[in-house]
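Okay, so chain A shows up in both of these, paired with chain B first and chain C after.
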Partner chain A sequence: MADDTAPMLEVDDLSVRIGTLDGQLEVLQQVHLRVMPGQVVGLVGESGCGKSTLVRAVLRILPDSARQTGGAIRFRGTDLATLDERRMSREIRARRIAFIPQDPYLALNPLFTVGQQLMEILRWHGQAQGGGRRQWRARIAALFARVRLPEPEAMLDRFPHQLSGGQRQRVLIAAALLCDPELIVADEPTTALDVTTQQQILVLLRELVEELGVAVLFVTHDFGVVAELCSAVTVMYAGQTVEAGPMTEILHAPQHPYTRRLVECHPDRMRELRGIPGAVPSLVNPPGGCRFHPRCDRRVAGCETRPPQLVDVGGDHAVNCIHVHGGAA
Partner chain B sequence: MKFVLRALFRDWAAVFGLAVIFLLAVLAIFGEWIAPFPEDAFDVKPWQRLRPPGPEFLLGTDALGRDILSRIILGARVALGIALTVVAAAALIGVPLGLVAGYRDGWLSDAIMRVTDIFLAVPQLVLALAFAAVMAPSIQTAMLALTLTYWPFFTRIVYGETRRVRSALYIDALMAVGAGPARIALMHILPNIMPAIIVRATIGLGVTILIAAALGFLGMGATPPTPEWGLMVAESRRYLPDAWWYSTFPGIAILLAVLAFNLLGDGLRDAVDPRLRRSR
Partner chain C sequence: MLGLILNRLAQVAFVLAGLTVLTFLLVRAVPTDPATILAGEGATAEQLATIRERYGFDRPLHEQFAAYVGQLARGDLGISVYTSRPVATDLVQRLPATVELALAALVLAIALGIPMGVLAATSYRRMADHLLRVLSMLGLAVASFWLAIMLQMTLSLNLGWFPLRGRIDTVAEPPPGVTGLFTIDYLLAGQPAMAWQALVHLALPAVTLALPAMATISRFVRSSLIETLQKDFVAYEIAMGYPRRVVIWKYALRNSLSATVTQIGLLVGLLLSGSIVVEAIFSWPGLGDYIYRAIITGDTNPVLSATLLIGVIYAVANILVDVIQALIDPRVRSGR
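== the complex of A and B ==
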């Protein structure tokens, strides 16, 4: 099919502004992100750092008030930003890039059965050519069985409020798989679930990834989840990409001071829990240069003026910090 | 749908409302065949004026000798006709405007809502009176005035509800599977806000009947000899307290109709919402 050495999704220098009563907020500033075919990439950062905005920008479902002001989002070489809305809806969304939303309790329409809601996706994408209602139902039931929902046939006629959180999340995963996408974008799919359910969902996702070879962009703020699922990580802070690289390197040899502090924050890596002093800055009037410098313990003169720039340090590892200079070419 | 009906029939107040409305509908459609003296809509029979209720005239007769029961029955069509037309027209104007304003951000949304606010600030009765004063008082004038003052209620409630539903995550999820704005608004948002619209419409039917009757009472709505309940109450004032039946029975008709629509509106709201349904 496609070239497996070329990135499947490449976000390049992306900037997004949102108009609010406080003026224009630059919620994403020159963000970079890359997902290779079949790869599971973790997108990590504190709340409010622009992870969800990035995901929505990729699918072009940003609110009316948001504008992409620069950069490109290339999917299999096509810039999604220049694609017209019709083709985006018909050919990209669900068909090639599927979305697993954050909170399974809120991500299903309460008025329709889950079967009706999945059926609508099939109908909309004309994936059921020739097949009648019965074949569609069978197909959805098969998917339900695959995501290990109990009684898949009966599940079709349940309303969302009759399912548990874990079951709803499985329904949403089934919905994402409905059109055999090449890339699944998952926006914190386990955050709203309790720990044991979270674990089951992660196991399921890993199995599906291995089985189907689908690429996943996995948004989370939990390095434990990253270690379990992802092969590469991109770290964001206040709308900027601060570091990107292979999972083991990021986890064991983080280069950016922010990544280092973030990794240290994870409870099972440290006996003593350490936070990061300060808070994510307001985007109304963000710090200039590197947006992390007011909280950084390695701050030097020049941090507040240095424009964001990811420097390649070799081995697919790139860091956006004044202390890092290009290693291998 | 089956659930909704089952839940509705468990609610005795709603069932009462529904029964009264059903009766009204039957009277409105088959009034001429049900009324004992259908010709009493227009006839004048001075020899039998102001008879008290009795076996011949169950609810008595009025100042022109017309059977009050017959006129109440014939008045059902007038009342329901006005109410249904006004509410349907108001919903037809108000619901789409509210959907557009709620779904979109920006100047169009603001413009729609500010115009709505202006119309909301005009009291229904006053505008209706002004209309009747400028044009000739008639049922049509009253309906026009009521429609012009009632649509903003739909716009406002639909706007607020659309905003609420629109921010739900499943709308994001729908956009992410490629559903367009029209599809999302009509197939997903509209059904979710239907309970609010139905309640508004049902209560609106009651309110409209009430205001139409008030206009008739003030001589600015229906004109004689139309068998209109408010007009009947107005005509009876001069004969109080002696001919108590003359004003009482049309008054009770108004009361029952308005009450029935309000009870049904409440019952429907509880029945249509699947989350409320479980808690009952």
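== the complex of A and C ==
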């Protein structure tokens, strides 16, 4: 069937602009990302660096005010920009790329039972599995059991407000698994939960991913989570990919000063990305040259003026920094 | 759910008590002497005094009120001077016509207002949205009596497409009363041609009455749907491949109906008060027409009783609204 050596998802030099009252924000610029079949890739970066925008671009659910202004997003070799809304919704979403949202308290429709909402997904995408309502209900209940929801049968007829946050997130995970997708995009799926529940959900996700062999793009601002779950990492800063590579290399030999700080300032690698002085710059008027230079401790002449390029340093490892260019760019 | 309904019933009782006092005071505060009207032209002072005494117009206001409430409690609404029949009889006879008209207007307003609101919301700030906004502003700005007369002049008098007035042709036989709604009763009696005639008579008054309600509904649906479409669950539903029309018409619309349903409850009041003008112009033999004639002739009892009845209808409509609200939203149902 599909070629397992070709990337499943490839984001290539993507730019996205969003029109706001402050003018055009270049929310994404020079974003690169690659997910191989069966691979779990972490997408890390501070809040506001454009992770959710990238996720929306992949699913093609960007707001009307946003526009893809450059680059390409290829899924199994197909440029998703060439698919219209109808084909995206019929052929790609849920069926091939499933989505786990950030906030389980807001992502479920309050007026419908969770069973009704998952049935709706099967109604439009369940043909592959065949069967009628009864089989679908059974399938959902089986998945509910698999994500360890209590009383899976009865759970179908509950309304979201009757469930805890952790239970809702399990429902959303079950929804993502409904149509046996090839790729799951999870946008900070544990951020809205308390610490204990977070840990339980992470354990569950890791189990499922190992069992199913599905590829995952796991978005988080928590480097510790990435270390636990992922085999590759892409680091974003202020709307750009600054470094990408295999988990072990990024952990042991980070090249970009930003990544280095992320890794270094938390030797136990289980903490959040705090403790880097300064703040993510405004995207209305981003710093010239390298966007990280105002906060960088390895800044040299040229950082303010010359925007670096993402350069391949071998072994699937790429870095976007003047030091890697050897200052020659 | 039962608790909710009981709670509302208590509120309704309170409101109706207030309404009774208010209407009573309003009517008695109007500087017409009810005895003069009852006695008719050229009555002597002595005759007037007798009438005053007989009907208790000479007693203090609070005593009159107590007597009035006592009568109400016994179901005695007094005699209409104008029709010289018991007001209760008149009301029972006229209620179905108003119910038919108001229901038709409500159905029209909902059936057109909701899709218009959805269309406006989904074409937010584009052509269709602007057009619909102008339309709904017109719908609210145009006075019912003006619209009624324009419709009569063009569609009835000039083009002859619609009858000018009444529920059916004056020579026609009313249907056997089952529901009291002519269109339905004719159908039940197996007279489709007459049902059509009743429907054609209903059209213009119903459209006139429906227009402002439709405009209101479409504006409410528009603004609450625009708000709902910003919600995370809408993005999630689209991200999980629900077709857009399903997201809008099933999942988002239902979340937008809460505000609209409340508004529809209030609109019942608008429809009932609007029916006074509309019924008068189209000679529609309902409560509105009855109230109109009673006001014109200074006939107290019908005004009081019909107003109360309208209050009751309005209150019942709003209890229904609460029930519908609970049916739509499980969180209301479970009292959260």
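Definition applied: the second predicted complex is superposed on the first by the 310 of 329 C-alpha atoms of A that agree within 3 Å, B and C clash if a C-alpha of one lies under 4 Å from a C-alpha of the other, contacts with A are read in each partner's own complex, and residues count from 1 in each chain.
As a working rule, contacts are C-beta pairs under 8 Å (C-beta built on N, C-alpha and C of every residue); 3 or more make two chains touch, one makes a residue touch a chain.
Worth saying up front: this structure is predicted, and the values here are computed from it rather than measured.
Chemist: Both complexes share chain A, so when I overlay them there, do chain B and chain C fit or clash?
Modeler: With chain A as the common anchor, chain B and chain C collide in the superposed model.
Chemist: What is the contact status of A:65 with respect to chain B (first) and chain C (second): first, second, both, or neither?
Modeler: First partner only, chain B.
Chemist: Does any part of chain A touch chain B in one structure and chain C in the other, and if so which residues?
Modeler: After superposing on chain A, chain A residues 56, 59, 61, 89-90, 92-95, 98-99, 101, 103, 106-111, 120-121, 124-125, 159, 161, 175 contact both chain B and chain C.
Chemist: In the complex, go through chain A and note every residue touching chain C.
Modeler: 56, 59, 61, 85, 89-90, 92-95, 98-99, 101, 103, 106-112, 117, 120-121, 124-125, 159, 161-162, 175
Chemist: In the complex, go through chain B and note every residue touching chain A.
Modeler: Those in contact with chain A are residues 104-106, 168-170, 172-180, 183, 187-188, 191-192, 274-275, 278.
Chemist: Within their complex, state which residues of chain C touch chain A.
Modeler: Residue positions touching the partner: 231-233, 235-244, 246, 251, 254-255, 328-331, 334, 336.
Chemist: Which of the residues in chain A end up touching chain B in this complex?
Modeler: Residues 56, 59, 61, 63-65, 88-90, 92-95, 98-99, 101-103, 106-111, 120-121, 124-125, 159, 161, 172, 175, 185.
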